[in-house]
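Some structures are shown below for you to check.
Look at the two complexes coming up: subunit A is in both, with subunit B in one and subunit C in the other.
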Partner chain A sequence: MIRVDNIKKTFPGANSPAVDQVTFNVNEGNICVFVGPSGCGKTTILRMINRLIEPDQGDIFINGKDVLEMNPATLRRTIGYVIQQIGLLPHRTIEANVALVPGLLKWPRDKTRQRVLELLEMVGLRPGEVGHKYPHQLSGGQMQRVGVARALAADPPIMLMDEPFGAVDPIVRIRLQDEFLRLQQTFKKTICFVTHDINEAIKMGDYLVIVNQGRIVQMGTPIEVLTSPADDFVLRLLGDDRGVKILDLTRSGSLMESFQAPPKTSAGINGCIVQAIQPVKIALEMMMKNNSDQVGVCSGDKIVGILTWNSIKAHINRVSGDGP
Partner chain B sequence: MNFDMDIFMDALWRLSPGYLTEHLQLVIIPMAIAILISLPAGIIITRPGYRRHSGRVMAFFNAGQTIPPLAVIAIFFPFLGLGYGPAILALTIYALLPIARNTIAAIHSVPEDVKEAAMGMGMTPREVLFSVELPLSVPAIMTGIKTSAVLTVSTAVLAALVGGKGMGAVIFSGINFFRPELILAGTIYIGIMAIVIERMISVIEWMIVPAHIR
Partner chain C sequence: MNFYGFILDNTGLVLEYTLNHISLVAVVLFFSLILWIAVGLVISRYDRIAGTIISLGSIVFCIPSISLFGFFMSVPGLGLGRRTATLVLVIYAMMPLVRSVYMGIKSVDPSVIDAGKGMGMTGLQILFKIQVPMAWPMVFAGIRVTVVLITGIATMATFIGEKNLGRLIHQGITRGNADMIIAGAVIVSLIALAIDYIMGRIEKKITSPGLRFEAGK
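The block that comes next holds the complex of A and B.
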């Protein structure tokens, strides 16, 4: 869907390139998260995809088409763009802000209006309540929702999101993340997502691209990165709770000992039960609550196996024991 | 110097009103030319290609504002002579500065994130200018026009010194003939004109600027 091939960018007056030798692909329907410290070049990479910044060298293709040969304004109307500061137009109402791209694309008025109402509803806002307000009358969380609605307005297949939930408080951030992931399940947009928060990256990403000093240091699925960090930088970025993070991404069902035949009684499990699809972290929580070193694993309401403390410990040692 | 009420009333009701239209011309013509020049100039200087020069242009405009208008007239006097034309020219140059300065400052103060989002949504640079930068700059631009208009009303008094007439003729007669009645009468009209023009521009501003960015 998006193919970036060996791009490089040096800003005027800078000694070293902001982005160098960056190559990656983003598959259709995936969320690809660029994560790294401030100033590592992740935002520059994102902004080169919609040509807010022009690369010095290298190629960027979207669906096989070279974006550097497209008209920038036309290109950008097909790519949703969400930034941390949101950048709503302060002199336009919320409805008018969301209607921005449909307006540029000269959609008929009725179609635009219907789409705007539908989108506001979709991102969890009441159109009747906020539609006629101006941006400064909204809370930070509401504005961020409007920012997402605006980016989705013309139903672009691709979204670029630059720390979209960075400016809101942690509780609202988690809610926005969850809601966005839920929307994404139906939308299946191809998304490039920039964050400096590794937890957000692991939560949101189908695929992680870890960037440091303008270069990609590691790419892979969250579990691949967590279980085999490429170097000390990645290890430090992942934090001291790498093992626990792995347990958050591992399903209980994958570590359980399956029962050959369903047991007659649930003796020894005592209602201490998790679903097979729930993360091992939840199983651990259950063990602590019940002061037990094993939990039953269910699929639906049928017990299918048992997960023990020892098998969790063995798993952690196996995948993260000594790092790189 | 004693104050003669009869002369004052005569100056206030009979003499000065005749100079009102002249004086208004000395305000409106330079203002119109100044707006026509400095608005586009201010916009051009804030476009990306020229933006790096805008600091120097602002410094030039600020320096221009410190030159007394009489000095501007003196500079052009050898080329244009005395009279109405040089007075208009000097007043125009003087009126340019606050408008240009405020236009540049206003466009510069449009938040970077708003412009980035507008560009990122697919607005062309032209659309960003006309739908984002200018609407958000209107209040500050109008302030510049107001400052400039009020300044021109009072500076236009000096036009009388180079034969440009206007309310200055009344005031300077008063000075030359030691008649405070004429000075006061002329000054009252200048004051009223300044206030009325300021209010009029405020009304226009109120009509064209949306409530929430005022």
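The block that comes next holds the complex of A and C.
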């Protein structure tokens, strides 16, 4: 859907390029997360996709069309854009803010209004309550929801999100992330997402692109990156709790010893404790809570296997060679 | 005798001077707003010339008004009277107006502009749908300063033949008539206050309620 081919950008007056030899693809319906330290060039990469920054060399294609040959304003109206500072127009009401892109596209008034109400509802705001308010009357979390609603207004197939949940407190951030992932399950937008928070990257990303000093260090699914970090930089970025993060992405069902037939007596297993589709992290939590080395794994209300502490340890050792 | 008595005794004259004064200020304001707001908008997009233009405004502003009136009076085609008065006052209005428009536009939060641009607004749409409305409170502050300023300096135009309230003050001084001076000064102040009040009302109408809290109101 988005194909970026060997782009390079050096800002005037800078000694080294901000972005260099960057090539990647984003598949339709995926969230591709760009993660790296501040100043690594991830935002620059994002802003080149909608031509807020022009690359010095290289090509960017969206659905096979070269964006550098499209009119920048027309291009941007087909791409949702969410930034950390949100950038709501302070002199316009919330409804008018959400209606911005439909307005630029000259949608009929009724259609726009219908869409605005629908979107506010969708991002968890009451249209009747906030619609006529001005941005400064909203909380940070509410404003960020409006920012997302505004980006979705014209139903763009692609969204660019630059640390969209970076400015809100951790509790609200987690809620916004969860809600956004839920929306994404129905929308299936193609999303480029920038963050410096590796936890957010792992949580949100179908695909990670790790950037350092303007270059891509590693690309892959979160589990691929976690299990085989390319170098020390990635290892440090992932943090000391890499093993636990892996367990968060591993389903209990994949590590359990399955039963051929349901056991008659459930010795040592206190019935159904975790579901096979739940992450191993939950199973671990349950083991600690029950002070036991094993938990029963279920599918629905039928017990299908047993997950032991030893098999978890073995798994971690296997997937992360030099691991914990 | 007091200044109030002076006004009652010379109603016809005072009224004529007052109307002349108001009409001069109105004409000057009309041209200044069109010219200097346009200039302010233009230089906000060309930073390279902005500094020069704003300094120019400040320099001109530093020239004593009486010498500026005198100078332009001697320019062929201008001479005594309203044309010169208007021109000089418009020049004086440059500093507060251009500066406030420029500062107003520049004070707009860059992230709002970035968001607008990122959503596909063109340069002109950003200017007229984001920057100008957001700059209003600052621009209006500049306009109100200008009004008070112009109303005051207009009194000096009496020396180049404008029959306005400046004449009351000037003649009051030469005749040693304190009531006459006070009458002129009070009416000038009242005009300035009245126009400022009207501007305030207009500002409230035009400025979005979403910006009012930012202007600290």
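Heads up, the rule we're going with is that the second predicted complex is superposed on the first by the 318 of 324 C-alpha atoms of A that agree within 3 Å, B and C clash if a C-alpha of one lies under 4 Å from a C-alpha of the other, contacts with A are read in each partner's own complex, and residues count from 1 in each chain.
Everything below uses one rule, namely that a residue touches a chain if its C-beta (ideal position, glycine included) is under 8 Å from a C-beta of that chain, and two chains touch if they have at least 3 such contacts.
Every value quoted in this text rests on a predicted model; they were computed, and no experiment measured them.
Novice: If subunit A is used to align the two complexes, do subunit B and subunit C fit next to each other or clash?
Specialist: clash
Novice: Let me test your reading of the model: by the given contact rule, A:247 touches which partner, first (subunit B), second (subunit C), both or neither?
Specialist: In the superposition, A:247 touches no partner, neither subunit B nor subunit C.
Novice: Taking the superposition as given, does A:52 touch the first partner, subunit B, the second, subunit C, both, or neither?
Specialist: After superposing on A, A:52 lies in contact with both subunit B and subunit C.
Novice: Could you tell me if A:208 is touching subunit B, subunit C, both of them or neither one (first, second, both, neither)?
Specialist: A:208: touches no partner chain.
Novice: Does subunit B (first) or subunit C (second) touch A:198, or do both, or does neither?
Specialist: Neither subunit B nor subunit C is touched by A:198.
Novice: For subunit A, what residues appear in both contact lists, the one with subunit B and the one with subunit C?
Specialist: Overlap of subunit B and subunit C footprints on subunit A: residues 50, 52, 73-78, 81, 83, 85-91, 100-101, 104, 134, 136, 147, 150, 160.
Novice: Could you pull out which subunit A residues touch subunit B in their complex?
Specialist: 50, 52, 73-78, 81, 83, 85-91, 100-101, 104, 134, 136-137, 147, 150, 160
Novice: Which of the residues in subunit B end up touching subunit A in this complex?
Specialist: Touching subunit A from subunit B are residues 111, 113-124, 127, 131-132, 135-136, 210, 212-213.
Novice: Taking the touch rule as given, give the residues of subunit A at its contact with subunit C in the complex, in rising order.
Specialist: 50, 52, 72-78, 81, 83, 85-93, 100-101, 104, 134-136, 147, 150-151, 160
Novice: Give every residue of subunit C touching subunit A within the complex, in rising order.
Specialist: Residue positions touching the partner: 109, 111-122, 125, 129-130, 133-134, 207-211, 213-214.
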